[in-house]
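Just so it is clear, A, B and C label the chains in written order, and each chain counts residues from 1 on its own.
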């Protein structure tokens, strides 16, 4: 009898746990005002990001000013497509969403609220874009669903760092040569060779690595696309646009690109190019840069500055001139380089959107509007006055070394700073006409943070910033940049298939080309494999988009 | 097993075995000690590489960064809860199923076994699974941690194999004494299965302890259902993200990096397991004093 | 191992089961009521949690879009499968996955058993415990940590190259990650390194159940260490070994994702990419959910065919089997 009771209880317990599901149901989310009269919204961003603490101080200050607090969650361990796919399948959304490459999916699923009818009511949002820019955001049904957050300039542009790609070279190499004017790729490698012959090691005897190439996974842009810049074109990313003929040019097959790889091949044979270039991981690459051994490389600033440059400074190698200076190289002397472009970029492919699950669209938009107001914007990016920055007698914001140090601390940032980093934000000049919208645009702040070796180098060239090292050019045309289109392509079209295939082939063959005993043979083999991907499909789809963009822009002239 | 005389061959074996074990220990201990050293080294300094067994620039900062993470306590409580409840549930259900299919005169043993073996090799995919759990009301609930993975063919088969090794005569004599299956399971089979129960408990518990994907997928919006590993994953991804801000470049003040935080987080998650392990280990290593099954 | 073991050793006794078909009577069923009830409950659980989601397999025959869902997406028949099998890259990743799956299976399997057996022979109990505790620790390191250390060790200035050069095996450092022939062995080594101690736990647990009197009896018969391992320990482990082997055979196409992704590079991508990496690149990253499902179905079918075949082989040889 007893055993039956036992088993009966077990059965009941099992069924109970299995069928009732139970547990705490999610509290009805939405925008009902909490106890303290502060509305809570939720947001999901399909990108990796830093979560802030619940009791974050600046978030609380912003909540007091705007009456709104947003609980942000970020992508973790999934691709954006997977996360958005699950979200759509589930049919319940957070109030705000930045769906990244899943934006169109969200729109097609009818998960987003059309914003255009609301815009006129919110002056700060309205002024965020020109009419032309707003129109460029319209989807196939003629409505606007998302607001791109970044790269939008208020007033005068304020940019000190060149965040993008360049040929970088250590300050010590330039200093040794007496700060010469380096304009071409040949001069660049010649200088590196001469320097390395005269100074094969660091002060502590570690051998230099004259030139390395990062090739790890998606970061292989450090190898593949220098050709378009060397030809004097700007970063359209996937293609060159001939601004006269309005034609798409495939940079992978240009004579300049071939010359660039031939040069790398030559330097590889001479032992100038790091033999581990094509097998090193990103971590290994950063480790090499951090030891100060690498004289030069092609990279984008954000990819190495925050870890390698920091490590160089921590180890005191900045005194030996191991930090990197960008050079705007071209293939021939006297060409105009466009490594750096001024002006904002509207990346129309994704942005901040409000979902149909949001029960207070107006409140949500009011919050976005408030975030763009100067006072809140300063709170987001500069922080709290006298805690995170000080105001000089001339009204200029600045930070003390202690403040800078504190703001670099992860734990402090999580409990104190809150930039609502994937909500719309300004670059450029503050509405007070003096300060920069963000600290990194504040020239004096920037210059004070530089090490002596870099200051000396800048002084020798008569410049004050990285951007001035390269010179700057305006965007070449209304189509710029074309990568905002190619990054949305998928295998659903022949062009997208070709594009993915081309990437695979380049990944596989370009290292072989550089290491080839016989360059011509290696190059021809690569070209055969490359042409088998049908790059013409990709080019023709890009051409169509180029023409569409030009026609679109012509409506506003 | 005590040998009085040690023959030449035996001695050679012992020497060989000792050397093998020492090499094995060195090779497997190294990555752990290296992780420990990295976790105790300044993050920026560690970027330069060359840290093997001893930190070059000692700091607790990586640990304090991890331990200051918001919600870490909630995550730890939930994780402990899911580990205990999940392991208990898994052990009970797997043992019951294994018991059923290891009964030789039970007609449905084979089809049931096949039914479960297939589950190991099929997978409906992320979205259908998500929809199912949502329909069952498992999303935004603690149940999603302990119910879906509860019964698994692998663990069941491991237990079944062990149970099949127990002589039938035990069951037969018990049945002659009038014992039903419930009694046989609880009183006769289970006590003999302690080593395999401990093994499966260890597998399940470690799986529970380390899991975060379910917390991310099903309970993203419920802060009070977060897990330790999910919080650590979020921290890692935020450290990675932090270095993408131009701001931090001006500050050479020795900050944390993804690698150093990952090392610290790894050590922190390993510690409880290392502490609890000896209690389970007696079942795998020392051997039962009972020494198998008495007939 | 025949006569002694079948009478005295519990484990092998099981597989010596005679194939007697019993006629099931109503009385039997009544007696087995509790077994039946639980079978039904647990089967319902299995249907819900493992078989219901398989409705998602429909996706493989559709052009699935989250917007239209499973019920509304356009059906395209076998198109996704045709796409997969007409792509030489896919055929190549099948080869890679199979090769790495088989190599890993053999190497990790053998290593775990050898390690368990050797550990069992360590005389000192304390030593045994310490070695065993250390051996499973790498299981808790993520692949990103393990591959990072491996990259260090195998780099031009890493310890492996230094040792080889000191012993004059090579005169120039080998760039291990630049040559296709090293990739599969490196992956296999990494798996052994990380999982041997962990995988050995099952065998160690099984060894503990061996009746010490068997060893004593063998010793009286004059069996040495090897004889005891061959005639007592291994036969006792055999059911466990067989079951794990059968289960793992079904997993050869799950050779992994992370480790190949972290260790691979452009130069070796011909041998490094697995089915899972292919699915990520050509399916998920392209917003194509159907392709991944199709590849998943392919893997499931292969696994089940393998399992059925090997289970049948085991049955013919009178070995322990899955079903």
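Just so we're on the same page, a contact is a pair of C-beta atoms (placed from the backbone, for glycine too) under 8 Å apart; a residue touches a chain by one contact, two chains touch by 3 or more.
Here the structure is a predicted model, which is why all the values come from computation and not from measurement.
Per-pair tallies of C-beta contacts place B-C first.
Taking the CA centroid of subunit C as reference, the farthest chain centroid is that of A.
Averaged C-alpha coordinates give centres for subunit B and subunit C that are 16 Å from one another. Rounded to whole angstrom units, the spacing between the C-alpha centres of subunit A and subunit C is 40. Averaging Cα coordinates per chain places subunit A and subunit B 38 Å apart.
The residues of subunit C that reach two or more other chains are 34, 38, 45, 66, 148, 152, 289, listed in rising order. Counting only residues that touch two or more partner chains, subunit B has 49, 93, 127, 136, 147, 180, 182, 259. For subunit A, the set of residues touching two or more other chains reads 3-4, 7, 14, 18, 82, 85, 89, 283-284. If you check the complex, the residues on subunit A that touch subunit B are 3-4, 6-7, 10, 14, 17-18, 21-26, 29, 42, 44, 48-55, 73-78, 82, 85-86, 89-90, 94, 161, 163, 283-284, 286-287, 290-291, 302, 305-311, 313-315, 404-405, 407-411, 413-415, 439-440, 445-446, 449. Within the complex, the subunit B residues that touch subunit A are 42, 44-45, 47-49, 64-65, 68-71, 89, 92-93, 126-127, 130-131, 134, 136-144, 147, 180, 182-183, 186, 212-213, 216-217, 220-225, 230, 233-234, 237-257, 259, 261. The part of subunit C that touches subunit B in the complex is made up of residues 10-15, 17, 22, 24, 28, 31-32, 34-36, 38-39, 42-43, 45-46, 48-57, 59, 66, 70, 115, 118-119, 121-123, 125, 127-135, 137-142, 144-146, 148-149, 152, 193, 196-197, 201-202, 204-216, 219, 224-225, 239-240, 243-244, 247, 250-251, 289, 292-293, 296, 299-300, 303-304, 307, 320, 322-323. Residues of subunit C touching subunit A in their complex: 34, 37-38, 41, 45, 65-67, 69, 89, 147-148, 151-152, 155-156, 175-178, 262, 265-267, 269-270, 280-282, 284-289. Interface residues of subunit A, counted against subunit C in their complex, comprise 3-4, 7, 11, 14-15, 18, 79, 81-82, 84-85, 88-89, 101-102, 105, 108-110, 215-216, 220, 275-276, 278-281, 283-284, 490-492, 496, 500, 504, 507-508, 510-512.
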